[in-house]
Structures are given as C-alpha cells and as structure tokens.
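So, here's a batch of structures to check.
In the two complexes that follow, chain A is the common piece, with chain B as its partner first and chain C second.
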Partner chain A sequence: MKTLLSWRAPALSLLVFLLMIGIWHALTLPKVMPVTAESEYAALVGTAAATGQKSAFPSPSDVGRKIMEHLSEPFYDRGPNDKGIGIQLAFSIGRVMLGYLLAALVAIPVGFLIGMSPTVYRALDPYIQVLKPISPLAWMPLALFTLKDSSVSAIFVIFICSLWPMLINTAFGVSSVRKEWLNVARTLEVGNLRTAFRVILPAAAPTIMTGMRISISIAWLVIVAAEMLVGGTGIGYFVWNEWNNLSITNIITAILAIGMVGMLLDLMMAKLTKLVTFPE
Partner chain B sequence: MSDPLIRIEGIAKKFTGRDGVITTVFEDLHFGIEPGEFVCLIGHSGCGKTTILNVLSGLEQSSEGYVFVGGREVSGPSLDRAVIFQSHALMPWLTVMGNIAFAVSSRWPEWNDMKVREHCQKYIDLVNLTGAEKKRPAELSGGMKQRVGIARALSIQPKMLLMDEPFSALDALTRGVLQEEVLRICAETKQTVFMITHDVDEAILLADKIILMTNGPRAKIAEIVVNTMPRSRTRHDLHKHPHYYRIRNHLIDFLVDRSKMFSSSAGGYDPRNPPLVTPGLDPGEAPAVDPVKPQVVGGAPLTVVR
Partner chain C sequence: MSAFKDPFDAGTSLTRGCSCGHHHSEAEHQADLALQTSDSEALGNRVVEAAVMRAMFPHDAERRRFLNAVGASTAMAAISSLFPLGMAKEVFAQSGPLEKSSIKVGFIPITCATPIIMSQPMGFYGRQGLNVDVVKTAGWAVIRDKTLNKEYDAAHMLSPMPIAISLGVGSSPIPYTVPAIENINGQAITLSIKHKDKRDPKSWKGFKFAVPFDYSMHNYLLRYYLAEHGLDPDKDVQIRSVPPPEMVANLRADNIDGFLAPDPVNQRAVYDGVGFIHTLTKELWAGHPCCAFAASKEFVTKNPNTYRALLKAIMEATAFAAKPENRKQIAEAIAPANYLNQPVTVIEQVLTGTYADGLGNVKKDANRIDFDPFPWHSFAIWIMSQMKRWGQIKGDVDYAKVAREVFLATDAAKLMKEVGMKPPTTTSKKFSVMGKEFDPAKPDAYIESFAIKRT
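Presenting the complex of A and B:
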C-alpha cells in the first residue's frame, strides 16, 4: 500500500507531462490542406513552406532534438555570437554569484547592525524603504553611465536586487533573537563580540538563510533581463540572440535551462538553510 | 542577620503607563539570604516574582532600593549568580555538552578544550545525563532539558543559584524526580538558592525559608515562613512529619485568603523586618516529636501572625 502511494505522485507528474507534450504536439501538427501554391513558387521555397503545412511553432520533437544537440556539445565556442548553452549559463551563473556574494558581504554586516541597534534601524529605514521597491533594471542606465562597462553593470544590478531581501531578513532575524538566549549570555558575562558570533548569529542563521534564498531566486530572475540589455554573453543574451535568429527551438531550450538552473540554485539554498536550522 | 550572602534593601519596581499613570508592581522589599540557604518565593501572578528574580540576577534594574551580594551592590548580571530559566533557554544549535561548555568557557576563558570538557562532564554526570552529551535539546524530554539547564547553571560554580519556576512546565512525575535531585545536589554542593514557585509542596520540600508575597499591584512581603522540618526530608516521608500539614495549611490559608486582604497598616508590620513565622513551633504548641532540631534563624524576632 505504501509503495503504491509513493508511486502515485510521480505517476501523476508523468501523466501531466505526457498530456502537455501531447497537446503541444497536436497543436503543432502540419495542417493538411489542398495544395494551392503555384508550382513554380513551391519549387522555389519548398512544398511544405509554400502550402503553410509546417507549423511555425516547433513541435516537441524539434525541441527534443535541439536539446540533445545542446547537451551533446554544451561548451563549444565559435566566436562571439555562437557559444554553447553551457558556456552562456556559466557566464550568467558567474555574474549572479559575484553580484550575490558582494551583496551578502554588505547586507549581512549592515543587517546585523540594523538588527542590533534600534537607532541605526530608524536612521536607515527611510533609505531602505525608498530603495527597496526600485526595479533593479532601473539602475541599469545609471550603472552603464558610471561604471562604463556592461558586464560590471550587470553584476551591479544583481548586487542591488540581492541586497534588500538579505538586509531585511538579517535585520529581522537579529532583532528577533529570543530574549532568553541573550539573557543567558548576559548572566554569563559574555562579551558583545562573542555574543554576536556565538549566540545571535546561530540564532538568526535560519532567517538570514531564508533571505539569501529569496535573494538568489530574484538574482536569477533579474540576470536574464539584465543580459538581454547589456548583451555580449550569458543566457539572457542567448535568448535575445536566438530571438533575432527567430530560432524558437533554441529559445524554448534556453527557457528550460533557465528553469533548471533556477531550481538547482533554490535547492542548494534550501539544503544550506536546513544545515543551520535546529528545531527547539 | 549574621552575614547574609545577598541583601535586598527596599527594592521597588514602578512602570509609567502610556497615560502617565505610575503603576507600582512591588515596593519596599527587604530580605536577606544566608550562605547555603534555600529560599522560595511564593505569590500570585502579577506580584512581580519574576521581576524580583531579574533584579537579583542583574538583568533588570529596580526603580528604587539596592541589592547587595557579598557586601557589594549589584550593578548588572554576573557569573556569581547563575539563573535557571523557566523555559530552560538552551541553545538549540548546541549539543548538551556544547550548551554547558559555552557557560564553562565563559567562566574560565583561559581553559583549554580538554579541561572545559572534563569540567562539563562532571556536571553532566551530576544531573544524571551521562550518555546524552552529544544530543541536541530537540532530542531531549522536558525534564532532561531542565537538567541541562541546572547543569549549565551549576557548572560555573556560582555563589548563588536563581531559579524562576524551573519545574512548572514539567509533568508531575518528572517534577518530583527533579525536585529530589535538586535537594540532593544542593545538599552535596551547599548551594545558596533563591527560587520562585507557585507550588506549595515544592516550597515545603525544598525551602528553608518561604517568602510570601501579597497580591500586586503594590505587592509586599507579608511574612517569611521558616520551614520547621529537618533538612533531611524527602518526598516520601515529607507528609508524615507532624509539621507538614501545619506549614502547608498556613501557606494555603495565606494564598487563598490573606494574600489579598493583607494590609500593611496593621499593627506592628515593619517592611524592613517582615514577620517570621514558624508553623509547628508556635508558643503554646508543643514542639514536634522530632529529634532533629530545625534550623534556628538567629536575630530576627519571632512574630506570630495568626
């Protein structure tokens, strides 16, 4: 009975998958129409194109073939406009990681300070409230103008968008550490620095990690848009480039790859969160 | 009083409400705790019991009055006074050993890991937690968690132990076992203890003196009841002692009736010297048939309130 139940969810998943592929396949079937094209025109562009039988949207098998093609050679490099999807993803992940880590280096200490001191909290709160709702892409022109480098600008945009969830969660986690644990530290005459690292940091770690998990998801959302704007390399640029090539199969492949990487990043953060979370 | 380890002089706690009205939780409290003495504080909720304990520990400031420990005024928390919290306050990310080691390495920062671990082990063994060193608080039962709390407090070898209703969250059976352990440990280590409780039997079992608080606001010490039973008492023979019901009835009478009717203007009441009551040893009553003399409290007048 138990084994039966444990197979139900995957079986249902598979069914949904097959259903979606089936609908997709049905919608992209070549239409059967009488040949109305002039024979000369058909000879010129090919019969299928002339009669409009082949759907403009790729069928599942087209995309499947493309994915296999990309998977068989993900890291090829044939000049600036033709790089493997693996290389493009690596560029994007690299930018996300760089901007994200820089944001963590700023957000966690500042968040700690805000969480520990109500004065600092009240002083910085108006700035955070104004800066937080700004779309990270709105910073792009300013970044391009001041930093004068498209790649650095993309990293800056990632930095800005990752900053706020980490900052706010760190501050919240630090300020809501159970009073009892702080009292234990006080009665043991533990110094401020030791209390910060041995009591407050581990107590706030799950909340901080939640902020970091939200941040990495947002960063991965933003990098695609940012790379579409700055161009050059990255999965966002790849999508835009394939749009210019009108290669819908490549775009679908890239979309799936973006989803997969996003999922892996989130899973990774979930694992890390679990490592620092202890039930009471 | 000969030389109390801790002396409380006229402490009061007042809060200013939002409308500017000052609420006095308690005021004009005076008492002392002798070295090696076990003192319980009983009172209804709202009389500021936890606040009193926090003031003694230094975690909170009193609005008026002073607390002296060993002749020096308390200005903040200190390793001299260990606190056992009601909700055990263990850190869930540390193991049993880690929780105690955190306290030990705070007390003796110069000790190396080896020495800290050896010292911790001694106290883990003392509270009968041998074998659970590597467990985290989430894997422990409520009683075991509180044992860790006790071991952590004792491990820093404080001059004084402050307990805030340490067993109130436990079931009756576990509570009984832990009370006996505390009794044993206090006898072994001659620890001075101040404990808050709302359990009359717990107070009779553990305490040498029981401080009775009137109801808040403006709570005061109504009287201090001396436990007239021998210190060798145990949970099993406690209720067989002739003084047991006298003390118990006295405490229950107080909690049910007199705590709310208490008036400080009654003749002879002096907050600096709250009446000392010795149920079972009142004049006129024959001393109980008990070979062991109860602890005599020197100096203070034996005022009878009844």
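Presenting the complex of A and C:
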C-alpha cells in the first residue's frame, strides 16, 4: 500500500505537468493568417504585425529551445551588459548570501537579547511591526541616496528585508523557552552565559531556523526586484533586459531558473532545520 | 574607422567596408594596421590627415579621382601648402597623460545613446586610449543617482536633466555640464493601434500618455503639442513617466493609450503590431535636441585630459553617425544584447529613416534621427522656459547664465573643429516650434504668450 502511494504522487505531478504544457501548446498554436501587408512593409515588421496581429505568446517548444540554448552556454560573457544565465544567477546568489548572512549576524544576537526581556520585547515590537512589511523597492531610493553605491544598496535591501523574520522568530523562540527548563538550570546554579548557550539556544533553535528559512525565501524574492531596479548584473537584470527586448521566451526561462534556485535554497534550509529539531 | 586609414591612398574608402580589401572585416583590417603603425603619434597624425581630407572632399569618389590623378605625395604636398597639416597634428597631440584610463559611462538602451554606445564596439574610445565600460541602466532616476554617486564618470542623460540637477530641481543642486548633445530629432508620438482612426489630437481627451521622465524633451514636446491643440496636459489627459524599455509592454497591456518616446521604442511598437507612429517629433520642431552626454563639473575640472579624450571620442562617433551611409553598419554594431538588445531591423529603420509606420505604409525620412553635438545655449533656454511654463521651476531664472554654465558650447566647438566638423560661430539661434518663433533673448515674454501654462 505504501509503495503504491509513493508512486501515485509523482505520477500525478507528471500528469499535471503534461496537462499544463498541453493547454499552453493548444493556446499558442500558430494561427495561419494571410499576410495582408505589402511585401516591402512586411519585411520591416515582425511576422505577427505583417498579418495585422499583435506579436503572440511563445509556444512551449519556443521556450524549450530557448532553455536548451541557455543550458548549452550558461557562462558566456559578451561584455558588461550581456552575460550567460549561469553567471547572472551566480551574481544574484552571491548578493543574497551576503545580505542574508549579514542579516543573520545582526538578527540572531539582537533577537536573542530582545527575547530574554519581556519589557524590551514589548517596547520594540511596534517598530518591528512597522518596519517588517516595507517593500524592498521602497527602500531602494533611500538606500541609493544615502549609501551612494548601487551594489551596496542591493545588498542593504536584502539585509533589511531578511532581517525581520529572523529577528521576530529568534525573539519569540527565546521568550517561549519552557519555564521549567530555566528553573532547572537555576536550581543547578548554571551561569547566565551557560544557560543561554546550553539551554535557551538549543531550545529556541527550531524556531530560529524557521525564521531563517522564511528569510531566505524573502531574500530570494527581493533580489529579483532589486536587480530589476538598479540593473547591471544578476538574474533580475536579466529579466529586465529581456523585458526591454519583449522576449517572453527568455523571461519564462528566467522565471523557471528563479523558481528552481528558490526551491534549492528552501530545501537547503529545510535540511538544516531538521538537524536542530528535537522531540518534545 | 575611417580615421585610421591612409587618406592619401587612392584605393582607400574613407567611408565603409574594409578599406584595402584584403581583410574580411574592418576590425581585422584595423588590427593589422595597428600593428603596422603601433605608435600612437602615427595614429594621431592619421586622424588629422583623414579629417582634413574628409573636410576637403566630402564625396569619397572625388578624393579618389584626385589622388589617382596627381599621386599621393603630390597631393600631400599640395594640401600641406594650403592647410597647415603639421600644426593641426601638433594641436591634436597636445594633450597630457590621461588622469584616468578606465571609466564607466552609463546609458539607457535607446538610439539617442548611439554615439556613446557605438564608440565602444567600434573602437572610438580605444583610439583615445580610454578603456570605457558602457553600462546599461534601468531608468533615468537610477542613471541620475548613479552619476551623482560617482559610480559612473559620465552618462547619457536627457538634455533637461543636467539643467534640472544644476538648478537643484528634483535633486540637491550639483553643478552639471553638457559638453555635447547626442542626437537631434529621433522621437515620435506613438499611439495604440486601437486609436488608428483618432488622428486629431482634439479627440485625445482622457488619454493616458507616457513620457520617459519629468525632465525630458519628450515631456515638454508632448505638453507643447497637446497645448497647441487646445488640450491642457495636466487636466485633459494623464501624463506619467515610464522608463522607455517598459513603454511597449505597457502599451500592449493597454495601460497607456500612447507615448512620446525615444526610438527604438516607437519602431518596436510597430514591429510588434501594438502601435502606430502618429507623428515624428521633427514635424513639431525640426532639429530639436534630445539626449545629452553629461558629466559633473567636478569630473570635468579634475580630469581635464580624460574629459577631453572622452569628448573627442564622442565627437568622432557623432561625426561618423551623422553620415547616412554609415548608419546600417552602426545599427548592426549596437543592436546586440550587450547594447540595445533589439532586432537589427528595428534599429536600422530608426537610423536609416526608411520605416514601417504601423498602418501599412513604408515611409522614408532620412532626417528621422540625426546627430549634431553642438550644445546650443538657446536649446537650454528653451528647456528652462518650458520648465517654468509647467511650474517645475518657480521665481526668476538667469537663463543665459545657467545655459552658459551647463551647456559647454565653447569646448564642443573646439573639439568639433578637431574632428573635422563645422561648429557654428554663435552659441544662440532663433528657431520655431510648431510654427511659433522662439527668441532666446526674450524667454519670459515667450512663456507669457502661451494660453495654457502653470505660471
């Protein structure tokens, strides 16, 4: 029974995939239209415009070809504004990692301190709640103006957006450590620092990791928007550059790549979370 | 390219293709030539000689006939006696070492940036000993911030932007300069294909228009055009600023009804069947400036030699781009993903002026876009008059002073002469916009004469 179940889910996934591709294919079947324009005019415009249409959405096979094209040469470098999708992804991942790690370095200790004191927790909570929902794009002009460097600004935006979930979760995890455990530590006359590292940290670790997992997804969401705005390098810039060229095939390719990388980052964090979880 | 060729060789074409015929491409030819004349002085001399020869024989065939008839050495001697070639070469060589050889120049992917972009693949920067990275930027606000941050040494801007920055409108005031205009004309009003029967601007009430930026010729020209047709641009229509690369996507999505935009945006809308070209802006004002090559005053004064070399490269490129026969070659150089990222045919239609209008007609207009680097002070004054007319600046403005400080006409004239262009002798001229004359001496009276204004 169990083997049958484990076989069913992938089969259903495959079916959904084929169905989606099938619908997409059917919707984008090329319509045979007579060329209404004169040949001289038709030579100057795209095939769709020559038949009196707007340019059409690409079919799955167009996108497939484009993906193969990118996969066959992911690391080409033709100048500062035209690099392979692999290089662009590497730039984005690098930025995300830098901003994310900086945020973790700040959020976890600060969250820890906030969580230890209920008064500080309640005092700072309104600020955190106001700052948390601010969109990365809203931070960008401020960052560009004050930091005076676009790549630093992009990293700052990642930092500021991935800070809050980690901070809140750490504070929450720390403040909700079971009172009995702390009391036991106190009865055994364990020092404050030792209590923090040997009792509170392991107890709060799963909650902290959940915050870190939420943060990495947010950081990855944010990077695309940030790079679309400042340009230069990265997968967000790639999307923007192809939007400029109205190349939907390239944009779909980039969307799939963004999804894949996001999934890998999340899986990585999920594995790490498993390491620190403990049975109650 | 032609500046590298021996203009005293009858077999050389100064205008196109590989000049000697032994190479597959001009790049190969150039590489060979660079090996032969490796010292920069010889190259410099070549540049001056070529410039003189080009000035004397605008038609290449004539030059070749002349050289075939008298022989290269006789020609050289004859021309040297008429024109002090030696002196010209000396003046050209008289620039000190570059303060900075690696520089970054930002651009927006539109054909207005042609001289800035093409100088990279076509080697105009390299010839001045500059290693220039041309960096594509997402929008005008970003290009402004990155230039103010000094991430870029110089940048492609809309010509009103350096004036606005210098005046402190929309940002903190920082002295900015325009050493060269990049292009004249080259913009158009494009409307969504669903409005193909609404060609009379009076029927545009309630339309949503896009312009690239608040401080742009596009904004001022569109407002001017609408106001001349009796529509109040602030009340009867909506004008919003949208970065050029996003305009076609917005037109397609029906977010906007039309735009006054730089090319290739207009042509791209036609190419994708979503819009048609209502009118070229040259019909509003023939020879209007659009984009500018801009740098901070600090960069200009701190790095005079770099600034000179950079400007010279831009001037040479502009002179090259001004020749219609070079335009196809330029289109191929700037269309790839590293630069404009557009189909070659779109860029070619913009630059050559033989284009599809989106309504099934092929139109020919060789002046659709043109390149003239001279930063007329009167252009700056007109721009300020419109800023004032639409309430972007308030109070009294010393028009002439700002124009003089931002638009560096003297520097431009000097370098134009060096690359063999003919700069005008004055810095101000009268011109007319939609049949109404503008006198740069009386900008306030000009503003007063409009019925629709925000003063």
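A few notes on this one:
Heads up, the rule we're going with is that the second predicted complex is superposed on the first by the 254 of 280 C-alpha atoms of A that agree within 3 Å, B and C clash if a C-alpha of one lies under 4 Å from a C-alpha of the other, contacts with A are read in each partner's own complex, and residues count from 1 in each chain.
One rule holds in what follows: a contact is a pair of C-beta atoms (placed from the backbone, for glycine too) under 8 Å apart; a residue touches a chain by one contact, two chains touch by 3 or more.
On a predicted model such as this, the values are computed, not experimentally measured, just so you know.
Counting the residues of chain A that each partner touches, chain B and chain C differ, and the larger count belongs to C. In the superposition on chain A, A:V199 contacts chain B only, with no contact to chain C.
In the superposition on chain A, A:L188 makes contact with chain B only, while chain C stays out of contact range. Using the contact criterion defined above for the overlaid structures, shared-chain residue A:P279 touches chain B, although it does not reach chain C. When the shared chain is aligned, no partner comes close enough to touch A:I223: not chain B, not chain C. In the superposition on chain A, A:N241 makes contact with chain C only, not with chain B.
Once chain A of one complex is fitted onto chain A of the other, the partner contacts of A:E180 are limited to chain B, with no touch recorded for chain C. Within the superposed three-chain model, A:Y41 lies in touch with chain C and out of touch with chain B [touch as defined at top].
No residue of chain A is contacted both by chain B in one complex and by chain C in the other. By the touch criterion given at the top, residues 36-38, 40-41, 43-46, 48-49, 52-55, 78-82, 141, 144-145, 148-150, 228-232, 237, 240-246 of chain A touch chain C in their complex.
Interface residues of chain C facing chain A in the complex, by the touch rule stated above, are 109, 120, 133-139, 141-142, 145-146, 148-151, 193, 245-246, 248-249, 252, 268, 270-274, 336-339, 341-343, 345, 349, 354-356, 358, 360-362.
Across the interface of their complex, chain B is touched by residues 178, 180-181, 183-184, 186-190, 194, 198-199, 202-203, 205, 276, 278-280 of chain A. Those residues of chain B whose C-beta lies close enough to touch chain A in the complex are 57-59, 76-79, 81-83, 85, 87, 89, 91-93, 102-103, 106-107, 136-138, 156.
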